[in-house]
Amino acid sequence: MEQLTTIGLNHYLTISAILLGFGLFAVMTRKNAIVVLMGVELILNAANINFLAFSKYNGGMEGVMFALFVIVIAAAEAAIALAIVINIFKIFKSVDVSSIDSMKE
Amino acid sequence: MLSLIVFLPIIAGLVILAVPSSQKQIIRIVSLLAALAQGVLAVLIWRGYDPSLPGITAGAGGSPLGSFQFVEKVPWISLNLGGFGSLNIEYFLGVDGISVTMVILTALVSAIGVLSSWTIQKQVKGYFILYNLLASAMMGCFVALDFFLFYVFWEIMLLPMYFLIGIWGGPNREYAAIKFFLYTLFGSVFMLLVMIGLYFSVTDPATGLHTFSLVAMATQTNFNVAGAIFAPENHLWRQIAFIVLFVGFAIKVPMFPFHTWLPDAHVEAPTPISVILAGVLLKLGTYGMIRINFPLFPEVFHASMYVIGIFGAINIIYGALCALAQKDLKKMVAYSSISHMGYVLLGLSAGNSEGMVGALYQMFNHGTITAMLFLLVGVIYDRAHTRQIDKFGGLASYMPVYAAVVTIAWFASLGLPGLSGFISEAFVFVGAFSSETTRPIAMVSVLGIVFGAAYLLWSLQRMFLGKRNDDAAYDLVTGPDGHEHIHFHDWKGKLDLDGRELAMLVPLVVITIFLGIYPMPVLGMLTSSINKLVQVLSPVVMSQM
Amino acid sequence: MHSLIQLSIVVLLLPLLSFVILIFFNRRLPRRGDFIGVGILGTAFGISAYIFWTVIVQTYDPAFRIAWDFTWIDLGNVPGVGPLQIKMGVVIDNLTSIMLAMVTLISLLVHLYSTGYMAGDKNYGRYFAFLGIFTFSMLGIVLADNLFAIYIFWELVGLSSYLLIGFFFEKDSAADAQKKAFLANRVGDIGMWLGILILYSQFHTFSFEQIYANLAAGKFALSNAWLTAAGILLFMGCVGKSAQFPLHIWLPDAMEGPTPVSALIHAATMVAAGVYFVARIFVMLTPDALHVIAFVGACTAFMAATIAITQNDIKRVLAYSTVSQLGYMVLGLGVGAYSASLFHLVTHAFFKACLFLGSGAIIHAMHHEQDMRWMGALWKKMPWTFVTFTLATLALAGLPLTSGFMSKDAILAGAIGFAQAEGGGIYYLIPALGFFSAMLTAFYMGRQIWLVFFGESRTHLKPADNHHQAHHVHDAHAAHGDAHHGAHEVHEVSWNMRAPLVILAALSVFAVYSPDPLDGAKGWFMKMIPTPATVVGEANPQMGSLAAGGVTPQLAEVVRTTEVAPPPVAGEHAAPAAAHGEAKGGHVYSDPRQAEIVHAGHAAHFTAIYISSIMVALGICMAFVVYVFKIIDPEKTARLIRPLYLFSLNKWYWDEIYEATFIKGSMAIARMLSWFDTNVVDGIVNGVATLVRKFAFANDSFDRHVVDGMVNFTAFTVNTTGAVLKKLQTGKVQTYVVMLMLVLFSYFVFYFIRLIY
Amino acid sequence: MFELPSGAEIQGIIASVQGSVGLFIPEIYLSALFMLLIVVDLVAKGRKNNLLAITTLLGLAGSTIFIYQQHGLPAGEIFFGMYVLDEFALFFKYFFVLSAIVAVVVTMADEQFDREVKSMGEYYALIVAMVIGMIMMASSADLIMIFLSMELVSFTGYILAGYFKRNPRSSEAALKYLVYGAVSSGLMVYGFSLIYGITAQTNIIKISLELAAHGSDSLVMILATLLVLAGFGYKIGAVPFHFWSPDVYEGSPTPVTAYLSVASKAAGFALLMRFFYVAIPHGALPPEDTLGIDWLSLLMILSVASMIYGNVVALWQKNVKRLLAYSSIAHAGYLLLGILVMDQFGTQATLFYLLSYFIMNFGAFYVVILISNKTGSENLDDYRGLGKKMPLAGAALTVFLISLVGLPPTVGFIGKLMIFSALLTKGTLYMWIALIGIMTSVISLYYYMLIPLNMYLRESKSPDEKGMNLALAPQIILAVLMMLTLYFGLFFTPLSDFAKYSSVMFGITLQ
């Protein structure tokens, strides 16, 4: 009962795990490059949730700091990613990740 | 002295590097001079060598130099390995009876190789640079007494050989070259592991440090590192190491069933390279066994004498029979050298002085005789552009000098008394028969004598005796003097042997005959070392250790 | 060093000198330098005649023996053996000096003869050079004091025989013959070499003297069977050289060589070397080994004789008679009639050389016609040849008053004695075969004489074509042949070919060897060459070790001989002499077996004479009946017993048998192995790779070299794994991620499972 | 719950920050260089000249001075354990700066840039940025620093890989690199979060203490381990985290490929070693770890897989760049062998191998660039007969390849020698893995030799015998690199002593 009423560490962890799963799923299955990148964001945010949760339950600020940095990094990554994807679209006239496989084996 | 004889060719190579590639003659002359200088040095070493000193292991007083001669020993590399003391590699050259003969052989054969390279027209510069590199490496292998140094030289040999076969070879050269390279490398890389393992298992009594010195390794009491891979009590790994080394060297010999690279390499390689290959490189295999494989693991050697002998016998008979079936003269000669290296293996497997002396002497003689054979094959190939035995016939009437030299070489190769090959083979058999272990093997391998005679006489008859075959590679023309001559298509040079060819062949013939009548000049240098070696290998000594 | 030794070494080296000079300079010398050859051989003969004189005539001592040796190879202080040296040396005893004289003499005569016979040949000079090296190696065998040296010269003799048989190498038949000869000899040599190895492996020495001393001292560690084996193996060398059954096949073909060569090498000297060698090792032959030898000899003698009766080529008849006679000698040694067989060796050398040179003269005169069927009525055209040839024939057939009679008779006597000593039974086969062969010998020699010299000339009967051919196969003689082409008048040969005939014929008379035409044992020869005491007792090796008290067996034994042997008195009556010899034999031989044989042999002396005389008479009568009085027509008989006739005519089909079995067999094996080598051994390593190439990347040269290059036994695996693994790299980034996750997940699961268990 | 620090504490913090900054000069200098380059680029807009390149070279060269000054400074943590300064880090500082210098040189030689892009723009700036990132990777002692520095390197890498904007292959490379890199770093950061959850620490030394003290739930730990390993593995390009590398290496501009394959790989190794040695508490002997996780077998699997996969698949490559990419995977495997041994000798061997790899790999790529300048192709078939046309380049390439195979007398041989020696000092423990290493190196001989085989043994399809002679500068550089390869193959004491000196890591004492 108490498990259900009070939100505990495990809930956060479960959420983040699910989030991670979604992120990976998106990365693996979606064709659109943008969606793939969103999947990546999901993964990072799953990590964030972990950090914050642990930081809350372990005490100490490192988790929070880490989360902050991850967010920043995610932003930067998104910027670069978008630049690259736009370039890809210019050249291949598509953002279908799975169709871009000229180099293989 | 030794450094000089080792590095002379490389110096020549550097000089050639500076010469513009258009100056073919200069390039040739430079390398010829280098080869001759090497020969002079070899003679000096031969004269200065004291045959009474055995060598092989550290000297009586446990002196690290042993009773080696012309020793040059300078610390080369000394690395601090923290917890593992230090990695000490020495530039350690020296000769004993076993190597000094090989040094002389190498100098001789590579000089002759330069002469026979005169006909090379394609990319002369590159050719001679590689050739000199090869010559240095071979010489280095024979004088190196530090395992690391030996290994370096050993591996350096591969690359020039690869290119020499691959660039200047016959139609199927790529295949032959890469085959040679992979085979030999496969043999040698595992040696690297054993070498490292040995380093950590052996200490030099003089310094107490680990060492690569083969001299120190040849003394079993120096395997005194507790728990090391090749510590005396570690039988399994010692056996494995022995096998690994043996296979590595056996590929070079080449020993059945690792021999298949040899016929290809020989058939594709240009004549001088065949000469080098058969004359010196094959010896490196057996030399490695004698210098490294056996003295380092004597007890394993004793356990496996029988096996080595059997492989020797297989080589002898199998090689001879294969030769009997060849239609390509050069391939026949190649198989004949497989057969002859079998004698060396058999002699080594005997493990007694007669056998070992025979084996060593056979190495020397095979070097000279096979060099002669390949040169002669090259002579006829230059003229007729074919090596098919059945494309000739009745040559003796038209090329008497060539026929005479061929006859001598062929009979030397089939072990006719009065020619050097006989004595070595005789001693091999004497030794192999005298030891109970290999007696039955010796009795079987005597058959090789007959088969050897068979294929040699057969080819001799097919090519030189009788009359010209109908589909021969040359025409019969009646010269102005009314006598019949033969005419090779597109061959402008002298019909019979010309001066350069004689200059290559005559020394070899003389050596073959002289050493057949009076072998002591070579044997005398061998005996004391061999006796020491046999002592080192004898179970008595091992039980004492 | 004893002066005789020095002289003998000079004799040994002189022919070598002639070889060296002639091989290099013959074209620059006048007359191609034949005078050098003859001159040098003359000197050599002079010296060896002096040696003979000193040894045999002056010091008339059966025990005479001087030796000298030097260290040839020094193996230093060999572990387990101690200081070890291989010595080379020279030994001179009666046998050596006799052989020296014989070899040099015959060689000299042949040199002389060849100056006529080979005149005009384009390789005239080289021919004399080859004769030189042959003489050198033959003398080497004679003088050698150890097995190793004998083996060396043995092979060298084989080489020179090879060179001389193939002297007309443009003839394929000659080239085949020389190869056949060398290979057959090699087979024999293998055995000989193994025998040497057996002895060496025990005593670490090659020297006869030391080996016998060790044997006598019973130091032979291996079983007696090994000793017998050693004996038989050594004998194999003789089987090869002396053309004994079953290696006799090469000798008849060797007649492809020039006829003087046949006389020198394949009749007189080289083939006798085998017998000489067996004599040298006689003392170490065990009784079993001797039995083998005796039977081989008997078979050879009989078989060759049966073949000889149907041959038509004059030289082949002689060749087979040589084989047959060699069979006699070997038989003699086998039965222990040591002196007798050596005696026969010498006598045979002379009369057979005479026969060959005579036939050479005939062939020469007939312009290289060798087929007896087209000869006839030559006796008045070539009187010298006729007389000498006939004399030698009588000696060969073994008629009284000839040397052949004495020696052959002594052998047969020994054979009978042997049979008795061995207790009869199967052993009587040996003398029986001997006597029968004697009859056959008489028969075919009679046939030859008649066909060649009597009747009327049948030259014109010859079918033209192969006659013509006969001219051309001998293009070696183009010059000579063309000079008298068409013109076929037969004339006596020149003096330099006649003189040798005369000398040799003279040497076939009994008086040279023994005062008593009926008993060679009274002659100096058999006194000088007594049977040495064996050093192997079958019961205990200590037997005869009493002889080995420091001195060599022969020595000790003969010393005991001499103290009882009275100086030989000519004209002494036979029977007491035999009895005396017997008495002598009684207490000479340390080995009872030998003693008994000799005893019986002496006893059987006259029996032998009677039987053999009868046999010879029979043979001659048959020859007369068939060829002179034509009572029996040979053609009819041949048709009557066609199978037998063909069997004999085709030499018992030995060539065919060997061709079918050994030669074809080994070639088949060879081809099989080389196929195996290229397809299997190599195939294991790159055959698979080739497969991959075949159906994977046939078009792509690069990949072909990838695959070809992968020449190591992992080729196949490595390639396929590579080919499979590279498919993982799909080029789709998402699959990469999937695979990444798969890896992580699978390891996680793996770890999870490991954690649970 | 968090109370503000008191003034005294703040003073202390400021003081230590100031102190730390004093030990942070090279990084600061490089950052300044980075800014400078951007400015210079703005100034020298559009104009195609080597101004930027020269500036970069000088700047990088200058940085070595500051790095040199750090010698002899006491090893220690700065910025509150975020960052460490030790010989190990110093080694890599030199390493990365040098590799950046070489990369710039190589770039100057590559004519493809002239064809592909109008201006070099921020290229050099990015190179420098990458140097900074890698240096920090090598020196960071805190999960946060590790993450940040890795991302810095990755981002610059993405951009550099895709620097040829109009070249589809380049862009494709960039995309693949991006996606794969993002996912792996995401996973790694998730792993970090788990570790943080277990230990409540982000400083790796503290982590190891924590773990040693309390241990952990091994199931979570293995999960975290695997995720972290995914991140590191992606940087060092070891199987099974290698998938990006062939495509990226093939697609990127060749200098970038060289730079990535040497420097960024090295950075990955630096990170892996520090993390693996320091953060994980080890038992007395390598195999048994205090945590239930068998790191050794994990790394063994990685290394064996890399050696086999890289070499075997390389056999089938027709494009030289791609071939070298696969070979670099294999070399990652060899390098891992050195880490496995996990002692001071092993570290030394690994560092030495990195040095040798630096020389020979850059050399090889340099020749590839020179050749593609002339032939405009990187296909093996177009290498035919080049040995005659460009003798020096051919010889040099052969030497580099031989060194990559690991044959004497080249530095590559010594590298292998030391790695295997390190393995064998542990007796027969690692014998089998050493055997695999040897085997695969035999295989590698084959595909490496394909290049000389095409250059020398085959005639070119277009038999125009006019030699393609190089400019002087490239010839000199080639000659120097070749000499170095051979010289250090014979007299390698300086290199290996340097490696020995650098094999000291703060926070752990390797026996």
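Just so it is clear, A, B, C and D label the chains in written order, and each chain counts residues from 1 on its own.
Rule of thumb we're sticking to: a residue touches a chain if its C-beta (ideal position, glycine included) is under 8 Å from a C-beta of that chain, and two chains touch if they have at least 3 such contacts.
Treat the numbers as computed from the prediction; the structure is a model and nothing was measured.
Enquirer: Name the most central chain, where centre means the mean of Cα atoms.
Expert: B
Enquirer: Roughly how far is subunit C from subunit D, going centre to centre by Cα mean, in whole Å?
Expert: Those two chain centres are 80 Å apart.
Enquirer: I'd like to verify one number: the distance from the centre of subunit B to the centre of subunit D, where each centre is the average of its C-alpha atoms, in whole angstrom.
Expert: Whole-Å distance between the two chain centres: 44.
Enquirer: Cα centroid separation between subunit A and subunit D, in whole Å?
Expert: Comparing mean C-alpha positions, subunit D is 27 Å from subunit A.
Enquirer: When the C-alpha atoms of subunit A and subunit C are each averaged to a single point, how far apart are the two points in Å?
Expert: Spacing between the chain centres: roughly 98 Å.
Enquirer: Residues of subunit D touching 2+ other chains?
Expert: 175-176, 179, 183, 187, 246-247, 316, 442, 446, 449, 453 - these are the residues of subunit D that touch more than one other chain.
Enquirer: List, in ascending order, every residue of subunit C touching at least 2 other chains.
Expert: In subunit C, residues 705, 709-710, 712, 726, 729, 731, 733-734, 737 touch at least two other chains, as defined above.
Enquirer: Residues of subunit A that contact two or more other chains, please.
Expert: Subunit A, residues with two or more chain partners: 24, 27, 36, 97, 100, 102-105.
Enquirer: So, with touch as defined above, which chain pairs make the list?
Expert: Between chains, contact exists in these pairs: A-C, A-D, B-C, B-D, C-D.
Enquirer: What residues of subunit D sit close enough to touch subunit C in their complex?
Expert: Per the stated touch rule, the residues are 175-176, 179-180, 183-184, 187, 218-219, 222-223, 226-227, 230, 240-241, 243-244, 246-247, 292, 298, 308-309, 312-316, 318, 380-381, 439, 442-443, 446-447, 449-450, 453.
Enquirer: Over in the complex, which subunit C residues touch subunit D? Could you list them?
Expert: 702-703, 705-706, 709-710, 712, 714, 718-719, 721-723, 725-726, 728-729, 731, 733-734, 736-737, 739-740, 743-744, 747-748, 751-752, 755
Enquirer: Over in the complex, which subunit A residues touch subunit C? Could you list them?
Expert: These residues of subunit A touch subunit C: 24, 27-29, 36, 97-98, 100-105.
Enquirer: Under the definition above, what is the set of subunit B residues touching subunit C in their complex?
Expert: 174-175, 178-179, 182-183, 186, 256-257, 259-261, 263, 318, 321-322, 324-326, 335, 352-354, 357, 394, 396-397, 411, 416-418, 422-423, 426, 429-430, 433-434, 439, 442-443, 446-447, 449-451, 453-454, 457-458, 461, 464-467, 518-520, 523-524, 527-528, 531, 534-535, 538
Enquirer: Can you list the subunit D residues touching subunit B in their complex?
Expert: Touch list, subunit D to subunit B: 343-345, 348, 388, 398, 402, 407-409, 413, 416-417, 420-421, 424-425, 427-428, 431, 434-435, 438, 441-442, 445-446, 449, 452-453, 456-458, 491-493, 496-497, 500, 503, 511.
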